[in-house]
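Presented sequentially are two complexes of subunit A, the first with subunit B as partner and the second with subunit C.
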Partner chain A sequence: MGVTCVCQVPVSEGKSVQQTVDILHKKLEQLGAVKQGNFWVDCETYHATGNATGQPSKLLYVMHNSETPLSCMALFEGGPGLSADANFDVLMVKLKSHFQNAKGHKVESRGVRYRYCDFLVKIGTVAMSSSARGISVEVEYCACVIPGDCWNLMKEFMQSFLGSNTPELPTVFTSKAEGLSVPVDCMDTMSQYLELFGRVRKQQVLPGSGVR
Partner chain B sequence: MADVMNVGVNLEAFSLAINAIQALRSSVTRVFDSLKDGMKNKETLEGREKVFITEFQDNLQSVNRDLNELERLSTLVGRPSESHPLHNSGLLSLDPVQDKTPLYSQLLQAYKWSNKLQYHAGLASSLLNQQSLKRSANQMGTSAKRRPKVQPSTLVLPIQYVDDVISRIGRMFPDMSIELFRPNGTSAVLLVTLGKVLKAIVVMRSLFIDRTIVRGFHENIYSEDGKLDIWSKSNYQAFQKVTDHATTALLHYQLPQMPDVVVRSFMTWLRSYIKLFQNPCQRCGKFLQEGLPPTWRDFRTLEAFHDTCRQ
Partner chain C sequence: MEAPPVSVMPVTGGAINMMEYLLQGSVLDQSLESLLHRLRGLCDNMEPESFADHELVYLLKGQQGNPFLLRARRSLLHPPAPWHLRYLGQPEVGDKSRLALVRNCVDVSASHGLPEVLNEMGFRMDHEFVAKGQLFRKGGMKVVVSKLSRVLVPGNTENTEPLSLSYLVELSVLAPAGQDTVSEDMRSFAEQLKPLVHLEKIDPKRLM
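Up next is the complex of A and B:
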């Protein structure tokens, strides 16, 4: 578990989602990266019901990551998060009276996982109710756990295949009270994905872009 | 031209001399033949003896004659030319059928080769004598006698002294924590945690560093049975490279008389990795080369370089 950076790559003009993903694959392979299996990250939305105290209803997101297949992460919108065993999903079914699954809000990103030295790169197609909405790129530098230490190094690596789409330091790190020298954990990655999925949900459906 | 003439004359004398040798040998054989046969059957004993003696004298005279002839010819032949660098084997060059027996050219080749070998071996031995290699070459010559005296004094240091040296070094570097373990007997194993960058396991023998292995800050340093894992290498290529360089540093920092200085220099060098991911290469100015950060640190200046940029 190293420092991760998740970002959205815009679809190139005149190209489909799949074509843009293929271009990214080609660039990585030219760099010397090796394909190493597939990955997926998904996110389900739950509405809190039975809101007796009159507080505004909060959304709960339950996420899974193929990198941690035995875990299940639950995050409140802008609030605390937890990671639990995978049978947390069963618990959510039991809590139906409190949290209602917002069907049709499920977002997931699936794609290919590449390894280049100590870097892991995951290029995924973000899909919502089986229509491709965008491209996610996750870069992980496995050798380092301090974002403040290796950010410049990661940036240099991302520039080599993302060019002008290279993102800035993710806000999940900058907004931490303890600063940039705290070791990362898997929740940092998930909240970056959650942020990305939130942006994708709001965005217009791309014309003519069904999932493969 | 004169040589050719000379050789011609000599050759003639040679063939004559060979003939003379053959004649000598046959006359000598005749002497012994007559001796072997003994006295021939004659009527009187005196007659028998007389015939035998005259025959024997004749034979001896012919031996004498042949010997004189050979001696005369041998002065004509003269001594084989001593000026030839290969002495008698130089005569092989006189063989007219070079194609079938290229002995002479092969001999020259072998001679040149062995000359060269001797020359180079001489050069190598003088060079090797100048360089006193730090670890292994001490066994040569005079130092072989000194070695057994030096080693025990630094190998058998009191445990308390080793602990003191290590804790003093630990206090020198606030961003570096050094824990000391003695899992097997008196030899110390140090677990060095450098900031939040890396963990190094340093295996000591007394105050000599025997082996070191570097892993990532978040990597496991204990094996399944809860002991310090001093064998398995890091999962990350960056730290595998750093481990290689640290082993190089162990060989570089050597001062058998003052082992505590060596440990201190090594730790100072290791501490420069605190900015492993933050310092760009001093030569190419980049962070990454072939996916790796600048993993090399100069032994004197402690500047960061990529492995390929350091020359």
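Up next is the complex of A and C:
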């Protein structure tokens, strides 16, 4: 894998989520990007049912990514995270008397995966309880794992189809103590999705936005 | 605050309902060599795998009921290898005729952030130890002969002291629930190790 950048693209004025997604698809195809299957990223929320110490507990997020289908990522917002094999899901079932799955909070992003030379672009519709809440765009530069070395190139590429919606360098990279020269891993991508999903969760439902 | 609706989520991956069939025994240090020699002869024709693992046992205490126990292991010989997280259920009771201890088992490979995540989840480390030994295989059966050592200074695996003057011997098989014939194979294999070691069905609750 390479350096990734995940951002939210606002729905164009007067357009629906689907129409905005279609516009992005068209722009990418005009650039010469080729469709290469679909992708999905999902996020389950778990909350502790109560601990003996009585201190408030944080929410635990368990995420999956079609790019790493045999893995499962467990994260705390702004806190530690781990990647594990799919048996972690089985473990969460065993833990259900201590951690409850807040079913209504499940967020996922699904969409089309494009390849443009060394870049992978994933345009997804972010949905919560099957109502579309927004659009996610993930850009991955597969040829490099050091954010500091390729960010300018990635930014320039994103400007070509996102225009003024091009994001700044993700905070997941800037907040690392070791700086921009440490290699990225799959957790960096997932933290960015988690941040995006958190924003989307707080957002109002878009009118007339049923998906699928 | 009202809790969000809860339901059991459909498991997308992973192996659900795997059972561990287990027989345990021990040998005194001075008898180790003859047991290893016998195992080399009986087991699959391969060099036994040597291992040195650091195991941390974590407990999650709820408001009621028994604490939830998880075992996290890391290899001291291969530090970059993933951590191994293991959940073991209560031994299945009721069937006295069963030849081996049977309990639910979930094995998870996890990245190195595991201790921090367990801590954040509310788990607290209860105790830790170092296990050094050898692993033999015979088909699906696993024979682990290991020396358990107590960790004298928390977290420091260099500074240990053997727990006893013997080696723990465990014969185990992982199989889906309901495959009770494996325990018969285990029993006949255990017979062949007598009188060097007596492998028995030991209820861990009896030892508490």
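Please note the rule applied: the second predicted complex is superposed on the first by the 211 of 212 C-alpha atoms of A that agree within 3 Å, B and C clash if a C-alpha of one lies under 4 Å from a C-alpha of the other, contacts with A are read in each partner's own complex, and residues count from 1 in each chain.
Everything that follows uses one rule, which is that a contact is a pair of C-beta atoms (placed from the backbone, for glycine too) under 8 Å apart; a residue touches a chain by one contact, two chains touch by 3 or more.
Everything quoted here is computed from the prediction, not taken from an experiment.
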| item | value |
| --- | --- |
| Joint occupancy of subunit A by subunit B and subunit C, clash or fit | fit |
| First, second, both or neither for A:S181, with subunit B first and subunit C second | first |
| Computed vertex angle (subunit A) for partners subunit B and subunit C, CA, steps of 10° | 100 |
| Which superposed partner A:C142 touches (first subunit B, second subunit C, both, neither) | first |
| A:C150 touches, of subunit B and subunit C: first, second, both or neither? | first |
| Subunit B versus subunit C as contact partner of A:M1, first or second or both or neither | first |
| Partner chain(s) touched by A:L28 [first = subunit B, second = subunit C, both, neither] | neither |
| Subunit B versus subunit C, judged by how many residues of subunit A each one touches | C |
| First, second, both or neither for A:N87, with subunit B first and subunit C second | second |
| Partner chain in contact with A:L120 - subunit B first, subunit C second, else both or neither | neither |
| Subunit B and subunit C, minimum CA distance [Å, superposed model] | 17 |
| Doubly contacted residues of subunit A, that is, touched by subunit B and again by subunit C | none |
| Residues on subunit C engaged by subunit A in the complex (per definition of touch) | 3-9, 11-16, 60-63, 65, 68, 85, 87, 89, 104, 106-114, 116-117, 119-122 |
| In the complex, subunit B residues that touch subunit A | 196-197, 216-218, 235-239, 275-278, 280, 286-288, 290-293 |
| Subunit B partner contacts - residues on subunit A that touch it in the complex | 1-2, 32, 116-119, 142-146, 149-150, 152-153, 156-157, 160, 181, 183 |
| Subunit A to subunit C touching residues, read off their complex | 44-45, 47-53, 57-58, 60, 64, 69-70, 72, 74, 76, 79-105, 187 |
